[in-house]
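You will see chain A twice below: alongside chain B first, and alongside chain C after that.
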Partner chain A sequence: MSARLRGTLLPVSLFLALALVPVFAKLGPESFILAIATRLVILALAAMSLDLLIGYGGLVSFGHAAFLGIGAYAVGILSSHGIDDALLQLAAALAGAALFGLLTGLIALRTEGVYFIMITLAFGQMLFFLATSLAAYGGDDGMTLSSRSQILGHDLLRSDAALYGLSLGALLLCYLLCRRLTASRFGRVLSGTRENRTRMEAIGFQPFRFQLVAYVMAGLIAGLAGFLFANQTGFVSPATMSWQRSGDLIFMVVLGGVGTLHGAVAGAAAFLLLEEVLSHWTEHWRILFGPLLVLAVLFARGGIAGLVGGRRG
Partner chain B sequence: MSAALRLQGLCKSYGALKVSDGVDLAIEPGEFRAVIGPNGAGKTTLVHQVSGLARHDSGRILLDGRDIGALAMPDRVRLGLARSFQVTSILPGFTVRDNVALAVQARSGSSFRFWRDAAREPELNEPAAELLARFGLAHRAELPAGLLSYGEKRQLELAVALATRPRLLLLDEPLAGTSHAESREVVERLQALRGSLTILLVEHDMEAVFALADRVSVLVYGRVIATGTPDQIRADPEVRAAYLGEEAA
Partner chain C sequence: MSLTLLALQALNGLQFGLILFLIAAGLTLIFGVMDFINLAHGVQYMVGAYLAAWFTAATGSFGLGLLLAMPTALAFGLLLEVLIFRHLYERSHLDQVLATFGIIIFLNEGVRLLWGSAPLSVPLPESLSGSIPLFGGISYPVYRLAIIAAGLGVAALLYGLVNHTRIGMLVRAGASNAAMVSALGINIRLLFTVVFGFGAMLAGFAGAMVAPILSVEPGMGDNVLILAFVVIVIGGIGSIRGAFLAALLVGLVDTLGRFIAPTLLRALLDPAAASQTGRALAPMLIYILMAAILFARPSGLFPVRR
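For the complex of A and B:
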């Protein structure tokens, strides 16, 4: 099998499997299966946007869940004021994510390596504590949504299958967009900067601008994921953007294979599977994640995508 | 202000160490200038300051009469300056072609393009292919640059620097570590560039320096102690004492 074919095999089978979920869900506890699958697709979307930063930009953000939280809170806050129109909520989610990405990116991208990790973590924590202090919106406890977002006045997303379809559509669309993006002129400058920043400056590029745009774009996609996440859980709380969640997203990216985009989907699936299995076994399941990650890094450098083959760029 | 590059009283210290100690230099447009000097004389640091990788403490750097001292490296590159590095600096994970194509891209329209597959843009690939052919790397185009031999990497760096279509090219020991045959090739290629752009060459290989340079400047302890034609430099007693004699000894 050629490397190119192997490279497309995994993403195609992943998306095919996801597309078949609603069919097979009918055979079992449908809403339970759809809930898990929707959660998987949404976390995959967030993880994929993080892979854009980690895998292509070499920017390990430890605060990516903040964008998930912004998207979720846009839904929660607007809906608590009686605004449940999906387009308005989505617009607010994306605007909030873009603004936060721009402001924090302008500062965080002045740093590199460990400092970048720490400063993105700090910004994420700032937003987390801001959310806990929002007494009007449930503070620590968060708030329950009265209904899912309305599309043009219709409660179309009330059906679990519809919400799943929307989420999967969003994942597929963003995946295709990111694939174009990473192969474009812009994407090459981004990856080039990861490999050798000085070289890029020496041929006339200003890496900061490209990194900032990538950072905002990744934030936008994660904000979209947050919008979907609130609709899936029907509940919004600071936990949506805890640092543990940011760590989980990094875990998914590494487990699935850094710098592949579709690896994030495989990583999210593996993560949720592990969570499911391990949490039945012991309540301290998170402790087992650490050693597993170390093993994954040591023995499967390219993650799941690397095992199946065809690592890009 | 006819000089392509003029340095006036350039100073830089690392702690107590004066790495550039009032460097004055004027290179004419189209001139091939070599800078020689013993190890630690401050040649690389001089190239760093001119290219913008390092900041000078005082003095002026004029590119075609324009003071570029406050500009960041990418801005200087956009004004027509390019450089190679003493320690090879390439994108190891990119193919040889993409290393050059990316440098072409830097000078060819906006890079804030998000949709089109850059690897299939003829306006990037064609100039890249031409340069690779010129530097004997055409058969290596598809290979990740990190897998090239040391000598080939040095060639690639030259191709990358030229891909930005510079007016002033700074070369920091392009011959270091290359085989005899490879260094002859590089000298030939540099010879072919003569006159089409201004070149500042830092090099220890005296044979190459005396063959290529219109004029040679000698840098010792951060100071230019002599500038002249190869013949004048060879004959200069101060230079022989400070530098050439040292080599003979």
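For the complex of A and C:
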């Protein structure tokens, strides 16, 4: 197989499998399968946006769940005030994510390496504590949504299949967008900066601007994921943006294969599968999950996409 | 807002800051010398607290419990170093973050399995319970003063160790150029292990010290870890002096902020709104402080020259 073919085989089969989920769901406990699959697609969307930063920008953000939280809280806060129009909520989610990304990016991107990891972690935590102190919106406990978002006044997302379809559509669209983006001049400057910042500066680029745009873009996609996430769970709480969730997202990216985009989808699937299987087995599933994570780092380099082949970037 | 209350809060802030320093000192040394980002440093603090709780319950004396907890925390840290961390020094920061994140998940669940989810409480040692009167007719718990004294003592000890001993010189040399130190015939692996064990013991000591005044529970190290990150980022990674000043700054700003922010806002807003905004704003203060400092100095207050 040529490298180009291998590079498309995995993503195409992944998306085909995801598209067939609603069909197979009819054979089993439909709402359960659709709920898991929707969760998978949404987390894959968030993880993919993180891969844009980690895999292409070399920017290890440990606060990416904050954007997920912003998207979810945009839905929660607006719907608690009686605004349940999806377009308004989505606009608020994206605006919030862009603003937060711009403000924190301006500071975090002045630093690099391990400082960047710690600062993004701290900013994520800042937002987490802000959410826990919002007594009007449930504080620590979070809040339950009365209904899913309405599209132009119609309750189109009420069926699980419709929400799944919307989520999958969003994932596919963002995937194609990100692929385009990383193959463009913009993406090359971003990868070039990861490889050697000084050289990029020497040939006349200002890497900071490119990194900031990438950081905000990733935040926007994760904000969109947060909007979907709130609709899927019907519940918004600070736990949506806990730092453990940021860690989980990094794990999905690494598990799937850094710098491949579709690897994040495979990583999210593997992560949820692990979680489901282990938690059926024992209540203390994390005691197995932790060592698995360590072993994955120590021994499985290149991730799932690396195993299947077609590593890009 | 009375002045005595402010003084009490300042003492609390100082105590909190010194605990943060004990944790941040190890973290910043480990990073400075080994270029290793150790998220699992927070669970060392938790392990220290659990060990203290366990040994205190077993021996019936907090002093003995503390005495036993320290070497056990050290041994535990060294065990982790030999089993896992040692294989990560050469890896990318991304790998280090992820592997140590896995250790956090494992240990948090591990203590839950061993001791349950319910918080443990550790009785205050008899001799250090009660309060003593301070200036201006206020009294302050003896035990918290003991923590302050212990924290300052460790800070002085560390200062002496790092600046005036041979091993301290090696640590400083390792922080600026580990490869060169190794080339000069120093066993850098051994130095790494020593620094790592020492850092783990300091975090364990901090956990053991706060065990009687905080609830000992799974996940107690996570928030402290993130605060310790804020501390070392503000102080400049690798700098003990920076960690000390930044820890006090963070401790004071966090404690006093929670106290002062609602009071100050009351001058601008009506009482209900002021207390709500104040409560929302106070936990964000240290992060805003961090952002402001980093905006002016991207590598912290006392960057280590490399």
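Basically, the second predicted complex is superposed on the first by the 307 of 313 C-alpha atoms of A that agree within 3 Å, B and C clash if a C-alpha of one lies under 4 Å from a C-alpha of the other, contacts with A are read in each partner's own complex, and residues count from 1 in each chain.
Convention: a residue touches a chain if its C-beta (ideal position, glycine included) is under 8 Å from a C-beta of that chain, and two chains touch if they have at least 3 such contacts.
Everything quoted here is computed from the prediction, not taken from an experiment.
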Worksheet item: Putting chain B and chain C onto chain A via the overlay, clash or fit?
Response: fit
Discussion item. Just to be sure I read the superposition right, which of the two partners does A:Phe24 touch: chain B = first, chain C = second, or both, or neither?
Written reply: neither
Discussion item. Quick one: is A:Val254 in contact with chain B, with chain C, with both, or with neither? Answer first, second, both or neither.
Written reply: second
Discussion item. Tell me the contact category for A:Leu130 with respect to chain B and chain C: first, second, both or neither.
Written reply: second
Discussion item. In the combined three-chain superposition, what is the angle centred on chain A between chain B and chain C, taking C-alpha centres, to the nearest 10 degrees?
Written reply: 80
Item to complete: Mind telling me which of the two, chain B or chain C, contacts the most residues of chain A?
Response: C
Fill in: Least C-alpha distance (whole Å) that remains between chain C and chain B when both complexes are overlaid
11
Fill in: Residues of chain B that touch chain A when the two form their complex
51, 53, 72-74, 77-78, 82-83, 85, 89-94, 98, 102-103, 105-107, 110-119, 121, 160, 163-164
Response to the item:
Per the touch rule, the chain A residues reaching chain B in their complex are 180-181, 183-189, 191-192, 195-196, 198-206, 210, 213, 313
Item to complete: State the interface residues of chain A toward chain C in the complex, per the touch definition above.
Response: 54, 60, 62, 104, 107, 110-111, 113-115, 117-119, 121-123, 125-126, 129-130, 132-136, 243-244, 247, 250-251, 254, 258, 284, 286-287, 289-294, 296-298
Worksheet item: Which residues of chain C touch chain A in their complex?
Response: 31, 37, 84, 87-88, 91, 93-95, 97-99, 101-110, 112-113, 222-223, 226, 229-230, 232-233, 237, 276, 279-280, 282-284, 287-288, 290-291, 294-295, 298-299
